[in-house]
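Look at the two complexes coming up: chain A is in both, with chain B in one and chain C in the other.
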Partner chain A sequence: MAFEIGVAVNYRDLLERLRTFLTKHPALIAANQQWTQLRWVSDATTQELLLRAPGLAGADDIYCGVRSYENPTSGYYMWDLNGSIGFSSADTFYAQPSCLTGWLPMMSLWNEATPYWFVANGRRVVVVAKVSTLYQAAYLGFILPYATPGQYPYPLLIGGSMTGQRGRRYSITGPNHRHFVDPGEDVQNASSTATMLRGPAGAWLPFQNTYSPTTESRYDSARQVWPGSYAYLSVFREALDGTYVLMPIVLSQGNSAGDHDLFGELDGVYQVSGFNNAAGNLIQVNGVDHLVVQNVFRTSVRDYWALRLA
Partner chain B sequence: MAAFAGIVAPGSAVGEPVHYERARGISGYRPVRYPFAAADSVSPLAGTRGDARPISEPQRRLAGARVPSFADDWYHRIHLLPPRIDLGNVISPIERRLEVWNAHLQEQTVLAIEATGADGLALSGPPAPPLAFGGLQSRTYSFSASHRGAPVINAQFAFRFAGGGEMRLTVTGRRVVVFGIRPDWSDGLTERLEWLSDVLEAHDGSEQRIRLRQLPRRSFEYSWLLDGQDVRLLEHLLFAWGTRIYCLPVWTDGSQLLQDVAAGGRALVVPNAPHVDYHPGGMAVLWRSAVENEAVEIASIDGGGVLTLTLALGRSWPAGTRVLPARLARLEGTTTVRRVTDTIASGRSRFTVEDLIASAAADARPTYRGYAVFDYRPDWSEEIDVSWQRKLAVIDQGTGPRGFDDESGAPQVGRRLTWLLPNRPHITAFRQWLAARAGRVHPCWLPTFTSDLQVSRVVVSGGSGLVVRNTGYSRFVAAHPQRRDLVLRTTAGTLFRRVTGAQELSVEEELLSLEEPLDVTVTVDQVLQVSWLELVRLDQDAVELFWETDSVVRVQISTRTLPS
Partner chain C sequence: MAYQTGTAAGPTPLLDALRLFAVASGWQELRWGPSGPGQQLSLRKGELIFHLRSALDEALRSGYQRVTGIFLVGSDQFDPAQPWNNQPGMPRDPSKRIEAVGLYEVEGPCTYHLFSSESPVQLTMVAEVAPGVYHHLAFGQLVKYGDYPGGAFVSGAFGSSDALTASASDYIFGDTQDLHFGLPFNDYKYAGGNYVRAAADGFDGWWSVCQASPITGKRAISVWEEGPRSPRESLANYWWSRTPNTLNGIAPLLPLYVYLERPDGFFSPFGYPAHLRYLNITHHAPAEVFAIGPEQWMAFPAHSKNNKSGVHGYAVRLER
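Entry: the complex of A and B
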C-alpha cells in the first residue's frame, strides 16, 4: 500500500516521521486508509503517539501506539509499543483499554542517524530501523487471520524487537532481543515477549521460539511463530534456479501432540533464507520489492526475513 | 654466598608485579618500572569521529518467489457464510444469517444479486446492489424463508461482482409433509379429472364450445383402514397440516426399488417411470410406512426409468422400498375418521392436486374426416343407456292447444358407456384420449357399437352401393347429416364410409350409396357388424377413473351427438 524509506535524525525524529507517514502519506489518504492520531505528546525526553487505524474498508477501529523515552546514562533510547481495543483520553499510554501490560514489545534505538523503512496500510504498519549495523523492527496492527471477521474480529499483533528484561541497550544479545518474526525470552513460557497477539478470546497471547540467554535454545513453547520455530531452517537455501523463497510467517499454538491452532499470517512479512543473502538486499517477487532484514545482530542463515515494500 | 643481580620482568604491559618474594639465593634486585622506554610515556592521541552513518552497504537485487499458503486460499475471494443453507422441512417461517465477506484486500462491488427459484425466500439487510464491499469487509444479510411457497426449495442467489466474479448461495429445503396413509384397496381409488368448458348452444342446436380451464383439475379419493401407530399419526397430520399442502403419493403408480440406495445418492432406478406419473420437476416418495418415507424432487427422467433427483437422498433405502410419484395435494372438505375400536380407524379422504401439469394428449387412431375415431369397445357388463332427446320448445299458453318447435330438427343421442381398462397401456391411451377431449370441448367419432344395419348382398371391390335389410333408413333418415357415417367391421378390415343417399329397393332391402367405393370385396358373411358412426362430445367435464387395482380402471362416460 504505502511505504517510505528515509533516514531519521534520531529516534525522536523517527517517531515524528512515523506519525506523519501514517496520518498524511498520500497513498494512504488516496486509499482512505490514513490513520487517525488520537494523542500526540512531545516532551523534552518523551513522546507519546496513540493511533487508530481504519482497516482496509474504513470499517475497523484498530488502536495502537508508540511511546519514546531515553536514558542517556545507560545509553538506551527506546520505543515502547502497545495496542488496545479503544482509546481513553484520560488514561496513560500504559493504561489504555485492554492494552498490554508488563514488559511491552519495544524497539531499542539510538540518538543518531537512523535509516528506516515504513510500510503501512489501513490494517497494520511495519517499521524497520537500522541502528548501527543492526536492525530493529515493529509490527503494529492486524494480522491476516485464518478466520472471518466475525470469527476473529480483532487480530491485533504488537510485535517489537526487544522485551527489556535484560537491559535495554541495543547492543545486548540474547533471546530478549529478537524480532517479532522469531521471538524469544530468557525463560521458557514467558508471559510477555516481543510478539504479542490479541487472541480470538480477547487475551494477549505471547509467542516464543527461543529461550536461555546464553544459548538461545529452541524449544516447543505453547505458541510459536512458524517457520522460525522450525529446527532445520538453518539449512534452508535459495531455490535451484537462484530465486529466494519467501515463506509466510504463521502464528501457531500447539494444544497437544498433533493438535495445533493456526491464528493467521503476518501481512507482508515473510521468512527468507540468509544463505548468500544480506540485510538491505531487495528480493523481487512478481515485480514487488521485498527488503531483506536481519534479526537484530544475527546473521546466520535462519535469521533473515523480508518485508514487502508495497 | 654469591650474590647475583636479577630482574623481575613485568607480568603485563602495564604495572609490575606488586608482591613477590625474593629467593634467598638472590642477594638483590632491581625493579623494572613503567615506563620501560621513553615511547611508553607519550600521552594517547585523541581520535575524532568522521560520521559516515548511515553506513551504506553493497545491496544486491535478488529474484524471489513466494510460497503460497493457506492465506492464498482463504483470502483473495468472496466468502459466503454459510455457502449453502439447508432449511430442512420448512413448517414455519425461518430466519438465518448470511455473512458475505469480501476477503479480497481490495474493494469489490456487488453488481446484482440474482435469485432463481427463490419463491418465498428473501435476502434483506444491507443496501441493494450495486454495493461496494471494502477490502476485508463483511456484511451480514438476513435470510428468511416463508413456509408458503414451492414445496421443494432449491434456490440460488448469485452474487455477481464487478469484474465477472460470482458467488452462489444455494438454499435447499422442503415445504412438504408426506401423507403416507395408504389406501384400502378393497374400495379402490377414485381419480377425478375435471375440465371446464362453456358450451353456447344456438337455436338450431349448433354449438360453440370454449375451453375455460387450461389444465384439468385432478383429485384423488380413497378409503383407508388403519390401526395403532398409523391412526395416531393420521390424527396429528390432520391436526397440524390440515389446510396445508401434503405431498400425496400417487398410490396407483407405485413400484419397488430393486436395489438398495444409499444416502446422498441422486439416482433412483424406477423401471416404470416413463409410463406413470413421474415428470421432471415433480416429486416422488420413497415409502416404507406411514412414518418412514421421504419426498424427493425429480430433476429428470431418462427412457430407462432412471430418476435423477434434484437433491441428494436424506437417508438410505433398502431394496423393496416402494417408490411412488407424488403430487402436492390439499385435503378437501371434512375428513371423517370412524373409530372402529380404540386403535382402529377407517375413513375416506379426498385430495385435490395442486401441482397440475398438462397431461399428454394423444388422439385415438384412425382419423376419419378430420376427427379421430375412438373405436374401443365398451364394457357391456353394464347396459349401455341410450337417450333420445329433442331440442323441443313447447309453447303452452295453458289455454289453447300447445305449440311445438323442434328447433334443431334432429335428435340428440346421449349414451352412457362404461369401459374397463385392463392394463397400463390401455389406461395410458385412454387418459390421452380424455386429455384430447378436454372435457366437452373436442368432439370425436364414436361408433354406436350396436348392429345398426344388416348387409344382405355381397359388395364387390369398387362397388359403392351397399344393400342392407330395409330398416326404413331411406324413408326416415335419408342420409341425414347426423346419421350417414358407417363403420363396417368385416373380416377384411374395418372400413369407414359416408352414405350419400338411400333408396328403397323393396320391402326387404334398401340401397345405400357410399361416397367412396369399397376397395375390397366383402361377402355377406364376412360382415361382422355395421354400426353408425356418430360425431360426439363428452357430455361431462369431469371424468372419474375408478382404479380397481393399480392397473385396472373402470370409467363411465356420457356422450352426446353433435349436429354435423
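Entry: the complex of A and C
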C-alpha cells in the first residue's frame, strides 16, 4: 500500500495531488495497483475526477469519483464524492452508471493551505484533510466484506464527512457533519448520509448512528456503523501499559424487513479511544504507524479513529 | 491432542477425562487425588496454574447452593500441603473467602468435548449435561493488550453457585428466550462466572467479569455490558441482532473483548480469549463443526438452542 503526507495549497490543489497520488505513486505502480484516470476536467471553478481502481490483483474494476466546486461568496469549497459500477464518457459526474444520486457524501474544505494524508491500495483510498482545526475525511472503494466475491462482488463504500444539501461550510456543526466512521444526519431514517454502501443487491444503503441537529442523539437505526453506535464507547481508554487498542469498524444492518447483516469492515480504518489522545498523534500498532483522527470538530473520548499509514 | 470427545458417567469421570486430556496435551498434573466425596485436580502449564474439583451435591462454601459438577479456580502457585481450594493467589471475595466458576447440573452420563490450544494456552471443556443442554469450562491465557502482569482467565457456565433463576435479571437482554448467563464472558449478570487475573491500580488478583457488584471487589466487563438506552445496547447486542447475515447465512464471530475498570471509572482494554468467540447459532446445530478459511470451529449454545438461550452461542477453535 501507499501513503503520502503533505500540505496542499488549497482544496483544488488537494484534488490534483490525490489524482497524481492514485495514478502515479511508485508503491502503487510497483504493486500494479495504480488507479486509472477516466476523466479529468479542470475549469475555473470546478474539477472533475473519475477513476477506476484495479483491486489488489488487477481483477476488479472499482469506479469512484470526486468533483470539486466552490462558492466564495457563501464561503464553501466542496468535494462531492461518488461511486458507480462503470464509466460512461457521455454522462456527467452525477449520472454515471448506478451512481449515487441526491445528497452525496462530501468533504467541506477551504481555499487555504491544507495538511493532508492519503492512503491507498488497489481497492480503496482514504483521505484525511485538516481544515483550520477541523478534520475532513473520505473513503472511496471497497470494504473488506464478510462474504465471498461470489456472494458480494462489489462492496463499494462512498464515505465522507458531510452530507445534506450541497454547499455547506466546513464550520457547520451538527449530525450531518460527521465522518463515515460514525455518521449521522439531521433527521432519523435519512436516505443519504456520509456513509453510503452499495449493498449485495445493488442498492445504495445509507448508514446512520446519530440524529437531531441539537443533541446528536444515538438511536437504533436500520443501518449503523459498529462500534460507533455503542454509547458506552465514551468510557473506554487506553490499555494498562498506555498503548492504544484498535477495534474494527463494521457496517451493520438490522431492519424491520428482516434483513440482518454484518456487511464487512473498513480497510485500514479503526476505532480508537480518545482518552489522553489527540488528532494528529501517531500510534504504533504491530510496528505500523496509525494516524489518530478526530470526527470533524468533536474531541470527546468516543470521537476518534485511526488510519493505518501503510 | 487438541480435541477429544467421549462420554462420562458423572462429575468425577468427567474431571478424569479432562485430566487425561490435559496431560496428553502437555499440561503437568500437579495433583490428582480424593477430596471429600469428589476428586481434586491441579494442573500447570508454564506460569499458569489451575485447580478443579468434582462436586457431588456440595456447596463451594457456606451460603452457596449445593451443586453437582466441577469447580474451577486459578492460582499463582501450587502448595501441595494445601487443598485445591486454599492455594496462593486464588479468586477470593473481600472477606478472603474462595470464589470459583463451575460446570454444574451433571446429574448423569453426559457427552463431553475437550479442546486444547496453544499461543496462547487454553483448555476448554463443553459437556452436554442433558439432551440439548450444554455447559462449559475454559481456562488459560488471554491474548493481552499491551504488556502488564496477568492475563490468565477462568470461565464457567456458572459462578460459585447454581444461580440460574427465572428472574428478569438473568436475561441477557431482558428477553425470556435469553435466560441463561452461561455464555463465556457474559458480564450481564451482577456476578458472572468469569474471572481474569491482573495486577493493576494497586490490586493484584482476580477481577470479576460482571455488570455490577464484583465479587472480588474489582470489576471487568466484556462485550455484553449494557449501555444507557433501551433496548439493552451492548457491543454484542448490535452484533447478535444483525447476524446471521441474510446475504449468505453466515454469522461472523465476535471476539470476547474484556475491559478492566480503572479508578477513574474508565475501562482499559485488557485482552480476549483467542480460541473462543461469540456466535449466533441460528444456522448451527450444537457441536456442529464449521470452517472459516483454514480454521475449524465448533458451535455450541449458551445453554439450549431455541430454549433458554435462544440462538446465543459460542464457538471453540477446533484443532485435530
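Definition applied: the second predicted complex is superposed on the first by the 300 of 310 C-alpha atoms of A that agree within 3 Å, B and C clash if a C-alpha of one lies under 4 Å from a C-alpha of the other, contacts with A are read in each partner's own complex, and residues count from 1 in each chain.
Simple rule for what comes next: a contact is a pair of C-beta atoms (placed from the backbone, for glycine too) under 8 Å apart; a residue touches a chain by one contact, two chains touch by 3 or more.
Keep in mind that what you see is a predicted model, and the values were worked out from it rather than measured.
Undergrad: Put chain B and chain C onto chain A via the superposition and say whether they clash or fit.
TA: Superposition check on chain A shows chain B and chain C fit without a clash.
Undergrad: For A:Leu38 in the superposed arrangement: first (chain B), second (chain C), both or neither?
TA: neither
Undergrad: Touching A:Ala222 in the superposition: chain B (first), chain C (second), both, neither?
TA: neither
Undergrad: Can A:Ala27 be said to touch chain B (first), chain C (second), both, or neither?
TA: Touch status of A:Ala27: no partner.
Undergrad: Between chain B (first) and chain C (second), which, if any, makes contact with A:Ile85: first, second, both or neither?
TA: neither
Undergrad: Classify the contacts of A:Thr133 with the two partner chains as first (chain B alone), second (chain C alone), both, or neither.
TA: In the superposed model, A:Thr133 contacts chain B only, not chain C.
Undergrad: Just chain B (first), just chain C (second), both, or neither: which does A:Leu262 touch?
TA: both
Undergrad: After superposition on the shared chain, which partner residues are touched by A:Gln253: those of chain B (first), chain C (second), both, or neither?
TA: Once the two structures are laid over each other on A, A:Gln253 reaches chain C alone.
Undergrad: Decide which partner touches more residues of chain A, taking chain B and chain C as the two options.
TA: Ranking chain B and chain C by residues of chain A touched puts B first.
Undergrad: Regarding the shared-chain residue A:Gly58, is it in contact with chain B (first), chain C (second), both, or neither?
TA: A:Gly58 sits against chain B, while chain C stays out of touch.
Undergrad: Give me the angle at the C-alpha centre of chain A between the C-alpha centres of chain B and chain C, rounded to the nearest 10 degrees.
TA: 50
Undergrad: Is A:Tyr146 touching the first partner chain B, the second partner chain C, both, or neither of them?
TA: Once the two structures are laid over each other on A, A:Tyr146 reaches both partners.
Undergrad: With both complexes placed on chain A, how many Å separate the closest C-alpha atoms of chain B and chain C?
TA: Checking C-alpha atoms only, chain B sits 5 Å from chain C at its nearest point.
Undergrad: For chain A, give the residues common to its interface with chain B and its interface with chain C.
TA: 146, 148, 238-239, 242-243, 245, 247, 262
Undergrad: List the residues on chain A that touch chain C in their complex, please.
TA: For this pair, the touching residues of chain A are 146-148, 151-152, 200, 218, 220, 224, 226-227, 229-232, 235-243, 245, 247, 252-254, 258-263, 275, 301.
Undergrad: For chain B, which residues count as touching chain A in their complex?
TA: Touching chain A: residues 51, 53-55, 57, 59-67, 69-71, 74-75, 79, 81, 99, 101-103, 105-107, 133-138, 140 of chain B.
Undergrad: Which positions of chain C touch chain A when the two form their complex?
TA: For this pair, the touching residues of chain C are 145-148, 198, 200, 225, 227-229, 231, 233-235, 238-239, 241-248, 250, 252, 257, 259-260, 262, 264-270.
Undergrad: What residues of chain A sit close enough to touch chain B in their complex?
TA: 7, 55-59, 112-115, 121-123, 130, 132-133, 144, 146, 148-150, 238-239, 242-248, 250, 262, 264-265, 270, 272, 277-286, 290, 292, 306
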